[in-house]
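Below you'll find the structures, each written out as structure tokens.
Two complexes, one shared chain (chain A), two partners (chain B, chain C).
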Partner chain A sequence: MTSSITARLIELAARRFGRDASALSPSDDLFEALEIDSVQAMDLLTDLEDAFDVEIPDYELQDARTFAALGEVIGRRAS
Partner chain B sequence: MTTTFRGKTMSWEPVEGVLEVRLHREPANEIGTTTLTELEHLVRVIGEGAAGCRALLWRSEVKRGFCAGADLRELHAGLVERKEQVGPLRRVARALPTGAQDLLREGARRVSQPVVRRKVGQFIDRIHAAFDALDQAPIPTVAAVHGVCLGGGLELALTADVIIADKNARFGFPELRLGLIPGFGGLPRLSRDLGNAVARDLLLTGRTIRASRAHELGLVSQIAANGQAPEIARAVTRQMIRFDPRVTAQAKAFAKPLPRADLDREKETFLRMVTDPAVLDALTTFVQDEGPMPWLPGGSR
Partner chain C sequence: MSAEPALPPHALWPAAYASLGDLLADAFVQFKSETALIECSRRKERHRLTYLDLWRATRPFGRMLQDRGLGAGDRLAILMTNQSRWLIAASAALLRGLTLVPLDYKLTGEEQAALLAHARPGALLVEYGLWRRLPPLDVPLVIVSEAPEGADLKGAVRYEDLPEAEGFDRLPRTRDDIACIVYSSGTGGTPKGCLLTHGNYLAQWQALAGLYPMAPGDRFFSLLPTNHAIDFMTGFLGPLSCGGAVVHQRTLRPEFLRWTLQEYGITHIALVPRLLEALREGMANTLDDQPPWKRRTLGALVKLNRRLTRDTPRHAISSKLLAPVHEGFGGKLRLIFAGGAFVPPDLAQYFYDLGLPVVIGYGLTEACTVITVNDLRPFRPDSVGPPVQGAKVRIADPGSDGVGQVEVSGPTVFAGYLDAPELTAEAFTEDGWLRTGDLGHLDGSGHLHLVGRARNMIVTSGGKNVYPEDVEIAFRGLDGASCAVMARNFLWPQRTLTDEELVLVVHAEEGLRPDLLRAIQDANRRLPEHKRVASVLAFGEEFPTTASLKLKRGELAAQIREHHTPADLVTLGAP
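Up next is the complex of A and B:
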């Protein structure tokens, strides 16, 4: 389940920030790969919370260094 | 008094009986002394009849959001200037024996702290007076919020009677990262409006919440599609001004008491905390942080 969540979040993040999803890997550092600033980080949080219908505290996004780790964070909260 | 105003940080004009206040200080409407001076002007306008208007609407013209909070660069510059003024004393201290060094350093700290407390205290007293007046304005007030609404920005929004938010709005109190609590009256107002548990959650974690969560909690009255909050807020004010303004003023005064004791306690606590040298270190880290999440500790990862 977590891998499908990770794949979906990569797709969402790539679309939001105009990146090529196929060039992003679950093990990539998501902030480095997406090259986003603080306002974009907030936009990403809102997008992910809306898409997966979960609440993601900022500190969990901050601590999740990779797409895969963030996928696990979302997986723990998604029903 | 003229009915329209064009300032450096905000402008206002009457629109169909509603005083529309537009925030337009790039990059994110940070609240410093210029904003405060213009807010005080707005308070005077409201006190003199609100340019004939019967409601007030806040909105931001800045893309990043409603308001990112206090102007921390201005606060940082003020504290650095104070530190530099006592710097010569510290240099003299280095030439003295150890015991005398400690005495002189302690003396410099004692000289510096009351000045910081007085300077910051003057700002805090003024902004509390302005925010209290906005909170207790005799006309209904509505804030149309999008994007970031953090710290002092959330505190400003909390002075409004009703908050309308775009879906992309996010709310939070990141002040603990700086070694401070919010200082513009936000915690007492949030506790008054939503309860202390919500205030503690936002304060003690520093996390932000999206508009839909803020709506569930009761902070936000209505959610708008992105970009539509001002239009929905206008519809709210059109409804509000249909009532007899004398009745509305009395109803608001009853429904929105000022949490005076907690506001005083907040000021006292904030001013005690701001004199801690760790605050300057935290502000220095913040102003140099170009990471993606500067509102959290370790923001630059």
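Up next is the complex of A and C:
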């Protein structure tokens, strides 16, 4: 379940920031891989909330720095 | 000495109360039909409570505290993002006579646990997402808010499951009793839990309410964390003792902040300088896209507004003259409190010229909220204002330019640090004045001007105080190296309060070997952005330590000043 969420997340993130999704891996640091700062990451959170129909508090980004970790947060909140 | 400001007729008179609980109890009755709290999440409103609703909402929590035997003198820690339950629970606890321990939700779970171990609260109220990050705790009662139904809370109580209650017993407190324990530093050194009395808060609000009165119908947007001294005053006690409403938005994403400003007609807001700067940049970018004639027209209107508001802000005029700008902020915004870090004068002037006055003040947790504040009569962006009513400021050992260490006394100065008599003694001079650790001078009109810091710490433009001791932990265990973190300004005073940086001082047998530098860069990268060191200094000697191997920081700094200059720093660069 979480891995499919992570795959979708990578797809959405790649689309928003114009990156090649196949070059991104779940264990990548999403800030580094997408070359984004914390404000841009907030925009991504809003996309993810819409796509997965969950609310993700801003502070979750503090700990969940990889795609996989963020996927886990979404999975937990969606369940 | 400033004249005593008059309070608006509807406001409660803080000087007449013995405690914050008494003040809130009267506010619940006096303003019962007014809106007290609005909470929204993204574009949805979740809660709207009148003062009467708020009073009722305190009952289940207050009753639970009572049933668990918690009352006057016991401690309730709160670990939540800004939301109405923060204020509901805090109000219930104050009515029960408990002492609040507001904790920073932006710290790590380990840091929060360390502060909880230090504060030893009888109860903790925590949001589910934040609770999950905490290691096992030794707190007798934990109440978790927003936990999913059926979640395994390991013995904690679910906030949503608190039974309805008709009421609970209020317990009296005096002005000398402790209302809050607020941590002003992290966990690297001895935690500094500032003991702030009911008298401290009441005196502070007495001074501020006269300068910046709020009234029923006014709406304060609570953005800065409520555990922070500024929001605790301007986003909790202040509005609620004047009949104003506090608005919470569960996310800080810019698109929703704009929506909230417009949807709720926000009248007051508190921001850190970094957010103000982001707003200015956004407005400048929008302006750049306009045709030249529009830019020229706006420029002329700004000039006119500046002339018309030279003596005092005039919201009615400014909001008409510069309507498109004001509409972007909802059209009703009258005051921006700027705090948490140094506010560059040009930034404050920019907003004042647009008819959006920025209140610049100066304070530290040890003195409640603010010591000096600009009263806008007239607006002066060059200073942090004169002392507030009751506060006294003096400059210790001034140089020929009048600059020296700022010292403070008055009714808002704290009672000391929790369980740290040595730190408390160090904080005060022999004649009982609080040492702020900041450098400044007073001008002929009694306004304070800050020029730098004498403390070993930095403050980011986002309002975060960063203590080197807290950062040092990240560099422990580097192979064959001793590390110490210092504020660059502490090593080589620059007399600046912006762009402050941390320096990592390293002593290693073979100097700064490439593998060591790589390990340093890796450790630095793992730190949150605001805690990262900017440069490294290779130090040839063993660090001076006490008999118990504790670093003698002052001595090390003196040795560095003697043998090194900033030219010896190796910049780490962007990670």
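Basically, the second predicted complex is superposed on the first by the 77 of 79 C-alpha atoms of A that agree within 3 Å, B and C clash if a C-alpha of one lies under 4 Å from a C-alpha of the other, contacts with A are read in each partner's own complex, and residues count from 1 in each chain.
The working rule: a residue touches a chain if its C-beta (ideal position, glycine included) is under 8 Å from a C-beta of that chain, and two chains touch if they have at least 3 such contacts.
Quantities reported herein were computed from a predicted structural model and do not represent experimental measurements.
Q: Could you say whether A:51 touches chain B, chain C, both of them, or neither, answering first, second, both or neither?
A: neither
Q: After lining up the shared chain so the two structures overlap, which partner does A:7 touch, if you call chain B first and chain C second: first, second, both or neither?
A: neither
Q: Between chain C and chain B, which one touches more residues of chain A when both complexes sit on the common chain A?
A: B
Q: Looking at the overlay, does A:36 come into contact with chain B only (first), chain C only (second), both, or neither?
A: Touch status of A:36: first partner only.
Q: Regarding the shared-chain residue A:61, is it in contact with chain B (first), chain C (second), both, or neither?
A: In the superposed model, A:61 contacts chain B only, not chain C.
Q: Do any residues of chain A touch both chain B and chain C, and if so, which are they?
A: Common interface on chain A, chain B vs chain C: 38-39, 42-43, 45-46, 49, 55, 57-59, 62.
Q: Chain C touches which residues of chain A in the complex?
A: 38-39, 42-43, 45-46, 49, 55, 57-60, 62-63, 79
Q: Please name which positions on chain B make contact with chain A in the complex.
A: By the definition above, chain B touches chain A via 64-65, 147-148, 167-168, 170, 172, 205-213, 291-296, 298-299, 301.
Q: Using the touch definition up top, name the residues of chain A that touch chain B in the complex.
A: Residues of chain A touching chain B: 31, 36-43, 45-46, 49-50, 55, 57-59, 61-62, 65.
Q: Please give the residue numbers of chain C that touch chain A in the complex, ascending.
A: 41-42, 81, 105-106, 108, 127, 129-130, 133, 148, 250-255, 278, 528-529
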